[in-house]
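For reference, the structures are reproduced in the following blocks.
Next, two complexes with chain A in common: one pairs it with chain B, the other with chain C.
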Partner chain A sequence: MINQSQTLRALLPGDALTGGGIDGGNKAALAEIDASCRVPVLFFFLSGLAWLLAGTVLALVASIKLHTPGFLAGWEWLTFSNVRTAHLNTVIYGFASQISVGVTIWLMCRLCRIPLVAPGLITVANLFYNLGVTVGVGGILLGDSTAIEWLEMPRYATPILFISYALIAVWTLVTFRLRAERHLYVSQWYLLAAVLWFPWLYGTAQVMLLIEPVRGVVQAAVNWWFAHNVLGLWFTPIGLASIYYFIPKVIGRPIHSYYLSVLGFWSLALFYNWNGMHHLVGGPLPAWMITVSIVASVMMLIPVITVAINHHFTMVGHFGKLKYSPTLRFMVFGAVSYTLASLQGVASAVRSVSEVTHFTHHTIAHAHLGMYAFFTMVMFGAMYYILPRVTQREWPSNALISLHFWGVALGIVLYVVPMSIMGFIQGTMLNDAAVRFLDVVQFTLPWLKLRTLAGLLLAAGHVAFVINVGWLLVRMFEPYRKPVVRILTGEAETVAAGK
Partner chain B sequence: MSVIAFILFGSVVLLPAAGLLALRWATSTGQFRCPDKAALLPFDEAEPVGLETDRILGGNRR
Partner chain C sequence: MSYGPLLFLGILFTLATSWVGLVLMPHRQLGNVGQHTDTNTAAIYPAARAGEAQQGAEHYRSLGCVYCHTQQVRPEGYGSDIERGWGRRRTVSRDYIQDKTVMLGTMRTGPDLTNIGERQSDAAWHYRHLYNPQITSPGSIMPPHAFLFDVRTIGQAGRSTNALVLEGPFAPPAGQEVIPTRRAEQLVAYLRSLKSSGDLPEAPVKKEEAQ
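== the complex of A and B ==
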């Protein structure tokens, strides 16, 4: 069996391995594509990681305030409502969306088999994007939040973001139009759909809630339609596109069933956008609207099960490779979490369950299972694969990779499992008229302290990752060190160039 | 109100129509015809099926 470090594939375009023979031209083409993506991908990744650190600090402050309300109580701009809202917006719009765009750029170029086109367009989009998030989060901390969940950024920030989304969508369509490979891979279906769905979602919600606000309960309906669909029609497609590309690529085996993957995409497109109103069970909406959303949530079992079957059977016989590949570890963790988050979501949509779990910490646990255990883990895995290729440098520290993985993996499990259990108990207590509200609050306190501990583990993982990325970038500016690879053992060592 | 009407029209008519057009384009250009070929698209001669491309941990790297 031939074991090769990723260095081998990323750093040797047609070199010593094959003597520039058999596949030297293809390797050079891949290296050219990767190099063309370097600047915009790094821009999106680095700014995304900066927002991740900011969002992590805000999350910890918010978490501590839940069980120790006096913490930073003298700072009026750091009230719980401000900090929690700023946390959500930094991690959703600052971190997750920017990493998504970076991954989309690289995947589109690789799968279209063309070097990056219109780099200026995508760089301007990045600048607009970071300006928009900075203005938006700053506005929230200064008290200008709109108080509409997932759309809290003030009105003066959102047009800047919308311009950026539109530019990203245009760039993706241009790349797609100029593609050298005419056949589409399932990841491209997901990516193209995501970059078109999101500006539509965002623009529609902005107009109907902020620019020309609809009245009454329709606002709540539009709000939840947006908040739920931003997960399902923006983050989920990009996460699944990444899993469908990286798992086969890392283990060197095509996906189990391409038919199932296509079925999964089209069933997601058909059913997901009906979701959202199930968050309003018990609210003053026509019952049929809520029922439609509940039915659509249950129908989501079709894409979820197809994806789960496909991922599992693709991995069968290759689980041993989890030991060696950080990308695979994060991807498989994310893929399993996607199934779990979706099943939990289906269960939570049912009226009898929602009546207990809504307005409790169970919902927060579910959101983190989807956005972190699934999506963020997949994005970490993608960055572990992409960054060495665009920088043409090896990851500097295996220890930091392990610290990152185990920190965030243990952290998110310690977050989601106890919070899900606690939320359910909290819901049953809240529904019991004989239980005093203060007793419910006191019951949650030990669990909330556990949540802060989980947050510290996540923060440690984030810091380890950012240090490793920073170290990688330092290496990028060092003189090129030619890798010497022993193919049969998989060992790789570097020697100074010219030696 | 006109903007909202436009958005609702877009959501109810244009978006599903775009989805149907995409589906029609995909079938007419044979996107669903060769699943075996499509499944191989992440691979090429430089990184063929059977080659692991991310083997970092657990080795003897210095």
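== the complex of A and C ==
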């Protein structure tokens, strides 16, 4: 008994239905919501981008050090391990998480159709957050790293971040309770899940690894339960929520299938959180734990393929729009990478593949395929949509947008493809005891130099984006000029209304 | 799916399953594993680390050695860990019960160190290797850790007994010597203590080699 309008409600973001365009409605309400988000969203985006630049520099230094070990070797605080770890923590906690929070805030307000509530709470969360990352990364560079992957920030920094995550979860729940739009769009399921899952994961890991460490290899189990879920239950849901929102929004067309969205969401919720032990295949843990995680990893095919089909059939017939909308271009790049990263992840979890790829650069390539080619690209796409709306200004430079897209798109392909291949060969060589270890090291060198080149392309893209954002902010202080209406770069409603 | 409470409970329930399964259950199963006493020799394994090596473990953590070196030996027939001589048997959970921070590692930019104390027991080798890996392992991409050493003028009493023996391009300027700091001594003590080859019921060392 679903009528036409109910079907649409299930398949389109609420603000597309009531905020203009498709069924008329009022743009003023959307503009009011966007304006209410301006300060908090800009806080998270701008501090996130500052950390991105820091993380990019650290990444380049680490990359150079790995093929030229004498580079900056005199300073103890800049050893490869410190720089590499500081890179991971700045881009994961400083950059990616903060952009995630900014996007979450804006999406929740838009989808709940209420102006931002409790801006003070969000501002405090942001200040705590940046304090936590600063103290944490500083501690890592000074030698206080815990050496627990993805949880390297010292014990005196992590509670600050935990408070911030808890405040964000509280804010999201309050917004959710006060929502004016009763219908829940698929993006909201993912966002609500992410903000509730993460404090649980982070709290558990802190208590069991830093405050009251558990004994022996239970540490490794907790470590990888946590670390894999940072990707699976924090970044992935926020990335998918964004894709589910922005693709229909930009092309002005509902999601292909409501039932596939339900299946995709619940199968991800069921299986992803059991994946972590596939990082320990062959390791000193009970076989049942590793086997359970391998099975759960293979089961990930269900949500991944479901979501891929759903996104693909939403896009079909609209690929021409990639040319005009930067948001769509980054989103589709990210959506395709999500499928590829997940398939690579499933394959690497299988025992016979893990035997080769574990302990090699293949895993590093996989991490960047997931965190960058999927997640970061989606976040860039979201920012291209959100920033003009919260600032009420158009992007100043199309050339910088192109430079950004092509720099990072080519950069990440040049990173992930060669490193995946190299890691596989490296693993094969390592598994042949007749090959001297130092020969394996020598084999990796030219590939590692290629990675530095890829890093330079990524860095160029980041600089272009940051310049464009800075320019956009400068425009906020200029008298308002009527924006040039760019069909297809903007709202879905523009497209629909034009038809 | 517009019913908030159902969504909320579903979100909490799904994560609760693996929280119980992969965090609480292993803690119950493995959290109490104790030392093993050999019935024939009365040897206790794994033995507690001496204080100096224990402090060295903190430097190993702080310097981030784990990002390039694993401390786990995979079973025979799975990878080449045993053929490469990184261990005589696979490592099992009991091997790690004395470690304050368990550093299994996930990357082998450098070789596995589970049994480095057994494979390379010469402290002088370790000092020279840490000071500049090119001395002992030409072509290595391990960064030099010269900051763990002091370069000093040779005193009246002549060259110190613990000065590093360095030749050719690695030698300090005339009249100077390179001395390990306290940290270097503790780190090397830790590296030399790394041995996970005790004969365990769950991971027996192959008989012909154990004899």
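Heads up, the rule we're going with is that the second predicted complex is superposed on the first by the 457 of 499 C-alpha atoms of A that agree within 3 Å, B and C clash if a C-alpha of one lies under 4 Å from a C-alpha of the other, contacts with A are read in each partner's own complex, and residues count from 1 in each chain.
Note that in this section contacts are C-beta pairs under 8 Å (C-beta built on N, C-alpha and C of every residue); 3 or more make two chains touch, one makes a residue touch a chain.
Bear in mind that the values here come from a model prediction, so they are computed numbers and not experimental data.
Novice: Identify the partner contact of A:E76: answer first if only chain B is touched, second if only chain C is, both if each is, neither if none is.
Specialist: second
Novice: Have a look at where A:Y384 lands relative to chain B and chain C in the superposition and call it first, second, both or neither.
Specialist: After superposing on A, A:Y384 lies in contact with chain B but is clear of chain C.
Novice: Once the structures are superposed on A, label A:K249 by its partner contacts, choosing first (chain B), second (chain C), both or neither.
Specialist: After superposition on chain A, A:K249 lies in contact with chain B alone.
Novice: Output check: A:V214 vs chain B and chain C. Expected answer is one of first, second, both, neither. What do you get?
Specialist: In the superposed model, A:V214 contacts both chain B and chain C.
Novice: Quick check for you: in the superposed arrangement, does A:L240 touch first (chain B), second (chain C), both or neither?
Specialist: After superposing on A, A:L240 lies clear of both chain B and chain C.
Novice: After the superposition on A, what does A:R84 contact: first (chain B), second (chain C), both or neither?
Specialist: second
Novice: After the superposition on A, what does A:N431 contact: first (chain B), second (chain C), both or neither?
Specialist: second
Novice: For A:A308 in the superposed arrangement: first (chain B), second (chain C), both or neither?
Specialist: Neither partner.
Novice: Which touches a greater number of chain A residues, chain B or chain C?
Specialist: C
Novice: Look at A:T204 in the shared chain and tell me whether it touches chain B only, chain C only, both, or neither; answer first, second, both or neither.
Specialist: Both partners, chain B and chain C.
Novice: Following superposition on chain A, which residues of chain A contact chain B and also contact chain C?
Specialist: Comparing the two interfaces on chain A, one with chain B and one with chain C, the shared residues are 182-184, 196, 200, 204, 208, 214, 262, 266, 269.
Novice: Please give the residue numbers of chain B that touch chain A in the complex, ascending.
Specialist: 1, 3-4, 7, 10-11, 15, 18-19, 23, 26, 29-32, 34-62
Novice: Can you list the chain A residues touching chain B in their complex?
Specialist: Per the stated touch rule, the residues are 2-6, 9, 22-23, 26-27, 29-30, 110-111, 181-187, 196, 200, 203-204, 207-208, 211-212, 214, 245, 248-255, 257-259, 262, 266, 269, 321, 323-328, 384-385, 394-395, 398, 401-402, 489-494.
Novice: Give every residue of chain C touching chain A within the complex, in rising order.
Specialist: Contact set of chain C toward chain A: 1-2, 4, 7-8, 10-12, 14-15, 17-19, 21-23, 26-27, 29-33, 60-68, 70, 72, 74-75, 78-80, 83-84, 90-97, 99-109, 111, 133, 137-147.
Novice: Looking at the complex, which residues from chain A come into contact with chain C?
Specialist: Spelled out, the residues of chain A in touch with chain C are 65-67, 69-70, 73-76, 79-82, 84-85, 143-149, 176, 182-184, 189, 192-193, 196-197, 200-201, 204, 208, 213-222, 225, 229, 233, 262, 266, 269-270, 273-274, 276-277, 279-280, 282-286, 289, 292-293, 351, 355, 358-360, 363-364, 430-433, 437-438, 441-442, 445.
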